[in-house]
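Take a look at the structures listed below.
The two complexes that follow have subunit A in common; it is paired with subunit B in the first and with subunit C in the second.
So, the complex of A and B:
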C-alpha cells in the first residue's frame, strides 16, 4: 500500500545514501526509499498517495555529484541503480535553512494562538532544520481570516502553499472544491464558491494542512494538542467502521470531546474521515443530555436516584413476568456487540421472551445463509482498496458509505481498478466507473437474477442507456473479472442476495459485501437481536414478535412492558405514541426522545464514545470501541441492563460470566507489589483468561461471545492492539427459511444526516442549514 | 608566633562582624516590621504570587497558549480558552483565557511559567501572604491574579461591550 504503480514488479536498484547502501525497487521515489531505510528527508508538499508537486523545495538532496549540477528534489526523483545521494552535507543543510527562512518571511509568528501550535510541521522543521533568526525586517503582509463554511476557516498569511489541501480535495476526495488563484508569491488557496465552500465538508483539507492555515470551526481556539487525552475509538455513525481518535479533556460534566481525526493512520480508514467522524461527536456534549433517571409520578416525569429508578423497573418487570404479561424489547444498531448480546440474553433468559427486535437496515440472515460454507467470499473494507475490480449495486456510497466510496475511488486512482456501477441514479461514483449501467428504480433484484443466469430478467432492467445487449456484454465482462468485489445496498434482500452470491460463486476469487446503515448493524444481527434468530443466526425454537408484531400487540393493549435500548420506536419505527398508554415503557437513551417523553421510566445512558466494547462494521471487520470518558450521571447500557436484572432478583453471574476463566493470582502472594510485573496476570490477559471481577465488565461477556458466536473466534491480541480483525460467516446455520420476509427500514442517510442521532449534532445541523440557505440564495437569483 | 597569627586572624574576622553590626539592616522584620504594604523593600527577582499583566490598552496579555501549564512541573495551572469576539474583546490576540486558575496548594514558585510565557503575560509579583485556613481558598482565579487596569486610562474605564453591559445592569 502507498506505493505508486510504477514501483511494482520492477527490479531492485542499489543506491548509496550518505555512504549507506540501500536496496529499493527501481523507479520508486528517492524520498520513499530513504524513509524506508530510516533516513529522514524533510518535506512539506510531498504526501503519500497524492500527486507530486515539488513546490516546497524542502527535500532537496545532492544526487550523483558532480554530474547533476544542482540539488535535486527527493520527492520527484526516481531511483536508479548506482545512484549516490548525499542528504546531510553542509550544502543541503544550508539549503533547507534558507527554505525555512523564506517560508517564515511572511508566516506570522503567532504560534501561541495558532491551533496548529504543538503539531505544526513548519514549527517542527524550524526547530530541526531552520535558522534561529530571520534577516527579514520588512513588515508582514497581513490578511483577514476568512470563514469558508461552518467547519472550515482559512488564514492565508499562515499558508505555505504546499497545495496538499488542493490535491487531497481534488484527487482523494474527487470534490475539487479548492483551487489556486494568482501566481508566484501572490498565489492564494481559494474555495470554489468564491467566498465559501460548496463541498462535502469532510475536513480532509484541515487535517492535511501542515500549518495552521486551515482550521476547524469546532476545534479552533479551544485548547492545545498536548492538553487533551487522545482516545482512538470507532465512529458511531455509519456502518463503515472508521477509526477516529478523539481529543478529550475533562470538564464539569465529566468529559468534553473537542476533536476527532485519524492522523496516525491506524484503522481501515487510513487518514480519511467524513464530516460525521470528524465533527459529529458533538451530540455527546449537548446540554440537554439526560443526566438523571426519570420516573413518571402522577403523570409527570420526575428526576430520581438511580437506585429508585432501577428498583422501580425491576419490581415492575418481576410483576409483569409473574402475571404472565407480554414483554417487548427493542435494541439499537448502535449498541456494542456486548450490549446487544447481553440484551438478547436478558430478554430470553431473564424476561423469558423472544419478542426482541431492532431497526434492520440490511438482510444479514439471507447474506450469511447465502455465504454458508464459503467464508472466503465475505469481502472486507480493506478489499475495496486492493481488489482489481468492483461492482457497486444500488445505493449511493458517497452519501451512505463515505469510507467505501473513498476506498473505491482511491483504488481506481492508485491501482487502476475497474469500477462497474449499477444504479437507478447517476451517482457521484459514476465518474470513476469503467462502466455505468442505469436501471429503472427498484429493479436491483432483477439485476441479481440476471447476473445469476436468468436471461428473462433482462427485459425489466434494460433502459435506454443500457440495452439488453449491453447487459449481456457487461455480465460477460464481470464473469471474466479476477477477484471481483461486489458491494450491494439494502435494495437487495432475500432471493436477491442468494442470486448475487450464486453469481459471485461463478467468478474466480469474487467477494461480497452487504451494506447496512448503522455503526453496529452487522454486529447486532450477529448477536441475535431478532425474534426468530439466536446469536450466530441459529433459529429460535419459537419465533417471538418483531417490531410490527410488538406495535400491533401494544395497539391491542396486550403488551405488558416494553424495554427500549437506544431506539426511538415512536419516531421512526412505526409505533403510535398513544398505543403505549397501557404498556410499562422503559427507555434507555441519551436524550428525552419522542419515546422517552411517553415512557414510565427513563434511564440516561452513555453514548458510544463513553462505552467500551466492540463494533462489527458492515463488512464484518471487528474493532475495539474505547471509552473516551464518563459523563456524570449516565451509565453504559450494559451496566443498566445488569442492574435491572439484579433488581429483579436474578443472580447477575448467570448473565455476565463473572469470575469465569480462571482464578487468578492477583499478585498479592508473589511480591508483585515490589514493582515486578505480575507475570501470571500478564500471561492470563494475553490469553484472554484474566479473572473478571465486575458484573459491568463488557469484556467478560466478550469472552462468552468468542466462545459461543460462530465467526467471532478472532485473534484477541490483534483486537486489543487496536487492529481490525475479520469475523467470518463460517459455520453459521444455513437452514434459514427461504423467505423470512425481512422488513428493512434503511436510513438513507446523506453525508449530513445520521439516522435519528444526526439531529442532535450541532455541526451537522449548521452545515445542513448553511447549504439550504445557499440553495435558497441561488434559487432567488 | 603562631599564637599571634591566630589572634590576628580572629580579630580580622570579628572586625567584619562588628563592622556590619553598625550598618543599616537589610532584611525586613516580618511580621513585626512595616511589612509589604508599608514600604518594605523587595528584591526585583523575588518570586511571589503571580500577576497576569495587561497591555498598554488594558487588554489582557494572556492569549491562553497553555505553555505555562505545559511548563509547570507541579500541574498547578488550569486554563480554559475561548475566542475573542467583536462584542467581547478580552485579549489582544484571537484567543483569551476564559478561566485561568493557579492552585497555590501545589505551586512551588519555580518561575518556569514566567520563563515559558511568550507574551510576558504571567509574572511573579511580590505578594507572599497567601496562608489560609481553608485549602480551597488557595486556588486563585483569574480575577484574583489580574493586574489592575492602567492608571492613565482613568477611573472606571471599560474595555469591551460585554463589560459595559454588565456595569450598566449593576448600576441600573
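So, the complex of A and C:
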C-alpha cells in the first residue's frame, strides 16, 4: 500500500484493451494504464496516491476471459504482459448501471440544493453510465445533517461510502480523525470525537468527497458552482505559496469570495490546502473593510474622496521633503513583489530616504550571501516532495508551514524518503522521521555549528535522548545522504545559516530552504524592503533607519512622516502609539488597525485577492497572483503609491515604466530613475512584448524587476501560464557584513493563526475558540 | 486498567502470533468483554494505548462485530436463532416465548441483570434446530417446555 510508486525501472507490459494495444510499466494499475491511453474507466473509491479500497465496484472490467470467471476491479488489478481487457461490453455497462442504481437507492437526490450539484461525481456517473429509472420504491432512510466542527458538516444519506475522506485524513494528512463504524449497509463515516471532530480542519476530506456528503461551513448552501467566477491565485497566508482557486461572486460591495480549493491539482500543492488557504479568505469579505479614504479633520478621521485624501498626502509629503524632514516607510511581507519594489523605489527616489523596513521573519540576506555562487543549492517546495532525504531543523512545520509538512509527510509515505527531525519539541512530523534528535530549546545554531564541523558544539546540543555519540553518528548519516534537503526555521540566523550552508556544501547534491512566515516574506526581502539593502540584496550607499530606528526617531519627535503599507506598527512592531503624535502618519490598509486609528490619512487598500502581481514563496518559487475581483472603494497598494507620487508632482513614468519610449532620453541626464520608460520599451521590444500603457499596471514594474533584480529573469511564459518558476540566488550580494544583525519577529503561527492577518478571519477565530472551549471543558471535568 | 493474570498471559502470547500489533485487536476485544462483561470506555482506551491505535480505530473495528457490545448485559445472554432452519422448526415461537417470560425484547436486559435476550442469525446448529446459545453454551432441539427448563436452570444457578 502507499508505495505503489511510479513504476520506475520496471519492464513494460503490453496489454490489449478493447482491441487497442497499449504499453505501460508492468505492475501499474489497470485503471491508470487505461487512463494514460485515453480509455476512461469510471471510479468512485479509487484516488491516486491513496491506498486501494476496491469498495465501489464502479471500475469493473472483463480481464482475460474466460480464465477469470468474474469481472475484475480495474483499480486494484495490476497489469501484466499479454493481458486482454474489455471495458465497453454490454456486461460491463450493465454492471456499472447496477452500481449506480444501488448507490442511488437510498440517495436523497437533493441535487437542487446540494453543494456538490453541478460538480458531483455521482451526478456525472449517473448521466454517463446510469439508468434513468429506479426499481427502488421503499421510503428512503433519512438522517439529520450533523455539524462536526466549525468547518466540517456531514450529511450521511448522501455518502456513497467510498472512504476517500477516511484515507485522505489518515494517509495524506496523518490526522486519522475519520473512521467507519458498523458494517454493510449500516456503515457510517464517523468523527473521532464521537459527535465532533478534533482535527486540523484542513477540509481535505470535504474537497475529496465525490458527492455532497461532507460540506464546509463556509460554502454550504451559499451558491452553485456555475454562479461563480473561478480565479486561480496564491494563498495570502503562510510563506509556502499554495495555489488556490477562488470561487467569487459579485456582490453589493463589489465581490465576495465563497470558496477556495485546488481541485485542478495545479501548482506546487497538488490538491492540498490547509485551513487558511481553503477557508481563511473570509477576512476579505468582512463588513468592516475600509472602503472610503479617511482624513483627520479637527482630530476626527473623516470620510473624504480619493482625490482629497491623496492630495492631502502628496502635499504634506512634499512639504516634509522640502523642509528636510525625516521619512519612515514600513512595508508588509504580504505585499506583492511589484508593490514592494515600487514602495522602496518610491521611498528611495521620490521621498529620498532609505528609512524603509518591514516585519522580517527570516534572515534572507544571510541566506543569499551563504549561497552566493551556489544558486543550485537553493531548494524548492517541489523538492520537499521528491528528494530522498530531508533534514528539518527547528520550528514546527505542521503549524508554521503546512504545505512543507504535507510535502515531507507524503514524500516519506509515497517515495520512502528518509526524514531527520532535529527539534527541541516532539513535533508531529516525528512520526514520519527515520531519526529524531532532541535538542535543548534555543540550541539550533549549535546544531548548525556541529554539523559544519565544530565538534566542541556537541556538548550544548546533546540530551538524554540524543547523546554526543548519537550526534556524531547522525552527522555521518547526513553527510552520506544523497540529495539531502535541509529546511531550517528562523531559529537559525547569520552565522547559523552560514554554518548550515557550509555543511550542505559538503553533502553531495544537498539543498537548503530558509523558512519565513508570510506569503511574500522572501519576495519583499528580494525586492529590498530593507534600510541597508537594495533590490537583490545590493548594499545601499548609506543605511537608513530600520523599524527600531524609526520607532526611536518617532519617540524623539524626529520623524516627520510615516508611510505604513499593510503593517500595524503600533500593534505588533513595537511603536508606542503616542510616540507618533508629532508624525504625519499615512496608513494603507484593509482595516482600521490600531495604527490606522491614530493616522492622519487612511487609504483603503485591496487585499492580495483583489490584486495582480507576483509572490515569491519562502523557497524562492515565483508565482502569479491574480486579482479575483474589485471591492468597491478600495485600490491596490500599487495604485495608491503611484497616485501619491503623482500628487507630489512626480512624473510617474519614472516610477513605473510606461509608454512606448518616445522621449528617447535613455536616462543619461536626470538621475538614476529617469528614462526608465525608454529602457523598458527597448527591453519589451526585444522580448516581443507590448509597451505598458497604464502607470497602475503592476506588470510594467515586473518588467523592470525582471531586468534589474538578480535571479528574477525567469521564463515569463511559464509564469503567465500559472506555473511556479524558480527564482535563483544567483548574482546576489556575495559578501554582506557578517554582523548585520537581523532583528526578526517570527509570527510563530499555529494552524489556526496567521500572523497579523489571522485576527480578521472569522473561520480561524471560531476554530480557535471552539478548541479553547473544549480544553476548558476537559479541564473542568 | 487491570485485567486478570490469565488475560495478560493470553495477551502477551497473542502478540507473538502476528506481524503487527493491531492484528490482536479482535480476539483481545472479545477476551476483554468476557472479563468485564462489555467493552467499556476504559477497555477501549486501554487497548488503543496498548496496540498504538486511536480510540476511533478501536471503535471502528468493534462496531463491525455484533458480538461486541458497549453496554453491560445480563449475566446470561440468551441468543435465539431465527435463521431459516430454526424458523422452520419454531425459532420464532421460542423467541417470543422468551420475550414474554423475561419481559424484555431483542437486546433487552432484565431488571435484576440476570438475563438478556438477543435474536441472532444462524449459529451453525441447524441440524439440531431450533437452537439457542446462552453465553458460550448451546441448547438444541428445543420447544417451549424445554426452553423453560433451560431458563429455569440458569435462573437457579
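The rule we apply is simple: the second predicted complex is superposed on the first by the 748 of 781 C-alpha atoms of A that agree within 3 Å, B and C clash if a C-alpha of one lies under 4 Å from a C-alpha of the other, contacts with A are read in each partner's own complex, and residues count from 1 in each chain.
The rule we apply is simple: contacts are C-beta pairs under 8 Å (C-beta built on N, C-alpha and C of every residue); 3 or more make two chains touch, one makes a residue touch a chain.
Quantities reported herein were computed from a predicted structural model and do not represent experimental measurements.
Student: Based on the superposed arrangement around subunit A, label subunit B with subunit C as either clash or fit.
Tutor: Taken together on subunit A, subunit C would fit alongside subunit B, as the superposition shows.
Student: Answer with first, second, both or neither: which of subunit B and subunit C does A:291 touch in the superposed model?
Tutor: neither
Student: Touching A:176, do we find subunit B (first), subunit C (second), both, or neither?
Tutor: In the superposed model, A:176 contacts subunit C only, not subunit B.
Student: Would you check which partner chain A:190 touches, where first means subunit B only, second means subunit C only, and both and neither mean what they say?
Tutor: Touch partner of A:190: subunit C, not subunit B.
Student: Angle at subunit A between subunit B and subunit C: what is it in degrees to the nearest 10, using CA centres?
Tutor: 80
Student: Who does A:113 touch here: subunit B (first), subunit C (second), both, or neither?
Tutor: Only subunit B; A:113 stays clear of subunit C.
Student: A:222 in the overlay: touching subunit B, subunit C, both, or neither? Say first, second, both or neither.
Tutor: Only subunit B; A:222 stays clear of subunit C.
Student: Which partner does A:771 contact after superposing on A: first (subunit B), second (subunit C), both, neither?
Tutor: Once the two structures are laid over each other on A, A:771 reaches no partner at all.
Student: So if I take every C-alpha atom in subunit B and every one in subunit C after superposing, what is the smallest distance between them in Å?
Tutor: 31
Student: Where on subunit A do the contacts from subunit B and from subunit C line up?
Tutor: Comparing the two interfaces on subunit A, one with subunit B and one with subunit C, no residues are shared.
Student: Within the complex, which stretch of subunit B touches subunit A?
Tutor: 63-67, 69-70, 81-83, 93-95, 118-119
Student: Would you mind writing out the residues of subunit A in touch with subunit B in their complex?
Tutor: For this pair, the touching residues of subunit A are 110-113, 117, 220-224, 226-227.
Student: Of all residues in subunit C, which touch subunit A in the complex?
Tutor: 54-57, 59-60, 63-64
Student: Inside the complex, what are the residues of subunit A that reach subunit C?
Tutor: Residue positions touching the partner: 176-183, 190, 192.
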